[in-house]
Amino acid sequence: MKQHIYSVLLFSIATGFAGCKGKETAATGSGESDGDDIALNGAGATFPYPLYSKWMSEYNKLHPTVKINYQSIGSGGGIRQISAGTVDFGASDVPMKESEAAKASGKLQHIPTTIGAVAVAYNVPGVSTPVKLTPAVLADVFLGKIDKWNDERLTAINPNAALPDKQIAVVFRSDGSGTTGVFTDYLAKVSPSWKSEVGVGKSVKWPAGLGAKGNEGVTGQIKMTPGSIGYVELAYAMQSKLPTAALQNKAGEFVEPSLEAVTRAAAGVNLNEHLYASITNSGGKGAYPIAAYTYILVYQDMKDPRKAAALAKFLWWAVTDGQAFTKPLHYAPLPAHSADKVKIEIRSLKAEGKLLISGA
Amino acid sequence: MAQASLPIEPEPRPGSSARARPGWLGRLGVGTSVGDGAFRVTTALVAATVVLALIAIFAELARASSLSLEAFGLDFITSQNWDPVRDEFGALPFIYGTLVSSLIALLLAVPVGIGTAIFLSELAPEWIAKPLGFLVELLAAVPSVVYGLWGIFFLAPVLREHVQPFLASTLGILPIFQGPHLGFGMLAGGIILAIMILPTISSVSREVLRAVPGIYREGALALGATHWEAIRTAVLPHARSGLVGGVILGLGRALGETMAITMVIGNRPEIDLSWFAPSYTMASVIANEFTEATGDLYLAALAEIGLLLLVVSVALNVVARLLVWRVGRLPSGARV
Amino acid sequence: MEDASYMRRKLVDHAVRGACFIAALLAVVPLFSVLYYVASKGAGGLNLAFFTELPKPVGEEGGGMANALVGTLELVGLACLFAMPLGVLAGIYLAEFRESKLATVVRFSADVMSGVPSITIGIFVYTLVVLSTGHFSALAGGIALALIMLPTVTRTTEELLKLVPEELREAGLGLGVAKWRVTMRVMVRTALPGIATGVMLAIARVAGETAPLLFTAFNNRFWGGALDEPIASLPVQIYTYAVSPYEDWHRQAWAAALVLVTMVLVLNVTARVLVRHRVRAR
């Protein structure tokens, strides 16, 4: 009987393997000639996850032997796991702090891949026109100081919206999140009380609301909870058809998150020598105020040459041909001046001291 | 050579035990026959791995949490400040969330569970008791994540639209039933836990009641007691410590339960009197933050929560088993 | 007077009996509600693609969970591979040398271990296996699940060996067969069907475990397969999809829940029927 169970199990596992091997070859066709499959594992930010998962799926079609598994566990997780060396690359929407970088086993490079917007999405039944929010009102909503949708400070800037007499349920990220980092960075820039009471970080102490895991979780929670408001990457709000608020930017205009408004936010801001740039509360005309570059984190000098070469090739593809996939998912492609710097950076990646991409 | 020949010694006769050597091998039983000795040693070593695994779990968690233990000491469990930005970690909100959600679970599951056990073991005819008992035990078989899924899409909306408005309008003067109706929160977590520990409580209670000798019941009935009086005066007193043990086992399960409650409790590290408000449990914070905690202290703080959880659940488990053993044996294979 | 008091006692008796009956009904309501939702919502999500395709990129419709299905089988298989030999041998030790000090300690440890929250086992395996090997991996997931199975398999084996009549052992010993051979050939073989059902119940339990896999097996959008790679599993996939905002993912989460619940319930029912069958045959 025991042998029987064992054999049933082994059989099912064996057929499982056989099944997937068969599947792979079927999908692979003749494919590339560079031998065995290369499996790359990455983890981190949920902010660019819709784009990354699209990229990795498309890249797998172009290079069937390269399987890039990206898990969206949050930017904090991306930084933590690449530092601990449990993944081949990490991803974050906020640059690593020096104290974080010090824990890694080598020098980590930030490769900016795209620009996204943190949209303020909400679920208020019966409200069709986009809700307008000034920086002060936005901060007070997330501080829990404004807790009703028909609060007079909200109705004053939204005279035409039929805001109901309903409690506001704030939805925030329960995990270490770059989206939170970007959002709190913005709030701290525009609201002194936010800066002193809550501060800036990937995980902060939220004064009010419900916690959910990942951009996916926050978006899901907003959809499930009438009266809720939260901050998510624009792609999530668009894909799940949630309305997003028009935020008042530095120039005083109310701007809805969009590809153009995000591109405007990045215009005129140059990446620094580490390839970081903060583009929140951008001064440009028509700029959406909460936008951010998002980064893939890789070791400058990697250990496994085969994996490193595959990763460098993928990154090169992502910042060149791959940029075509950004717009349909509501991300902004890298501006030309940034893309040039990023390409130089990718060319500088090494494995065991040897450069990975020659010429190109 | 001598070592290699040990396990393949052909068919030793029982009489060979006469050549038993003294010393540690003898104490382990090697003396009786070489095959038997090897057998005993092998199984003993394997059995010892169970003990080692348990010790290793404790040791590893203690090691992983040492930073936080040093940094915060006892403040860790009394501070309610969980602030990763400032590297300040107090676990009280999670301890509170865990305790209160488990308390709600007990409040709901104990009467239902023990009532079910009494019905199944004392009142129901066999043809009802068997299938019904089986169904209740199946509750324990449904995976936690499936309860979570059901909680998100069924329980939370029902609470938000019907139960919470009802509670607020009838018992709204109580602080536990005040605040906005979100669906997700402490109450949802407590209800999910109640469902999950119900089979533990009812199956242990059922075994305990069964272990009470029939003579007590019959004696009471013969003296003219009603069925309930017989149960109350003759059966329950004998079963009491076992019933308490079953409840504690249920509590132990509730404390360590992770996925389902993470999916419905709202995940906010704040102490709020209201059961409608979102809360957070010790297990949930580990599930949410363990892979992404940056900073050694943050990680150590999470590991310390794990250690606390481990110590408390293990202690409860031991106490419960002692209580149940006083009455009778645990049902074998009971998922506790 | 006498009559009134009798009536009152009778009434209380009926009330309490009614309350117990209602409690028993209440206890099964959640089961039916969960099963109803899983069945009705899950059935719509089941199609060929669900069983044969990989997940689609975020937000795109279609795709399936073939990798998670295979992943769960692989993880459970690994867990059995580790936990069964260890658990059965440890159980044999407990039953055969039940009076020894070690047996008492092992028995106690196994019971304590069955009360260890599965999430803490996840932390343990993360620090021990994931950090030291440098990968999230199927192996780490399998070890985590094995640690959860181990105490159940150990104690079930012990309990079932104790049920085997001593006469069988004496008959074997009387024929001059070595004690260990009697144990393995006679005692264990007799108890095997029971041990197997115990193992089935343990499998049913770990197949649905999510928490310890979150930071051991992790997840994989592609076919896992290699032991040192992250691997997808049904429970983790259900969790990820359930909290997402996408309706198509919700549909698939329900479908996966239906598959998982069916697996687990079939194992449970079979195990119990087997046990009942054996008890009746005796």
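Note that the chains take the letters A, B and C in the order they are written out, and that residue 1 is the start of every chain.
One rule holds in what follows: a residue touches a chain if its C-beta (ideal position, glycine included) is under 8 Å from a C-beta of that chain, and two chains touch if they have at least 3 such contacts.
This structure is a prediction, so every number in the text was calculated from the model and none was measured.
Any chain bridging chain A and chain C, meaning touching each of them, is among B; the list is complete. Of the two interfaces, B-C and A-B, the higher number of touching C-beta pairs belongs to B-C.
The distance from the centre of chain A to the centre of chain B, with each centre set as the mean of the Cα atoms, comes to 37 Å. Chain centres here are Cα averages; for chain B and chain C they lie 15 Å apart. For chain B, residues touching at least two other chains, in rising order: 152-153, 291.
In chain C, 242-243 are the positions where the chain touches two or more neighbouring chains simultaneously.
Contacts with at least two other chains are made by residues 43, 212-213, 221 of chain A. Residues 9-10, 12-13, 16-17, 19-24, 26-28, 30-31, 33-34, 37-38, 41, 85-86, 89-90, 92-94, 96-97, 100, 102-103, 105-106, 109-124, 126-128, 147, 150-152, 154-156, 159, 173, 176-181, 183-184, 198, 201, 204-205, 207-211, 214-215, 235, 238-239, 242-243, 250, 253-254, 257, 260-261, 264-265, 268, 272 of chain C are the ones that touch chain B when the two sit in their complex.
The touching residues of chain A, when paired with chain C in their complex, are 1-2, 4-6, 9-10, 12-13, 16-17, 19-21, 23-24, 39, 41, 43, 49-50, 53-54, 56-57, 60, 67, 69-71, 84-87, 212-214, 216-217, 219-223, 235-236, 239-240, 242, 329.
Contact residues of chain B toward chain A in the complex are 81-86, 152-153, 156-157, 160, 180-185, 266-270, 278, 280, 288-289, 291-296, 299. Considering their complex, residues 11-14, 29, 32-33, 35-36, 38-40, 42-44, 46-51, 53-54, 56-57, 60-61, 63-64, 111-116, 118-120, 122-124, 132, 134-136, 138-139, 141-150, 152-154, 195, 198, 202, 226-229, 249, 252, 255-259, 263, 283, 286-287, 290-291, 302-303, 306-307, 309-310, 313-314, 316-318, 321, 332-333, 335-336 of chain B touch chain C. Taken in their complex, chain C has these residues touching chain A: 52, 56-60, 66-67, 69-70, 73-74, 76-77, 80, 84, 88, 130-131, 134-136, 192-193, 195-196, 199-200, 218-223, 225-226, 229-230, 240, 242-246.
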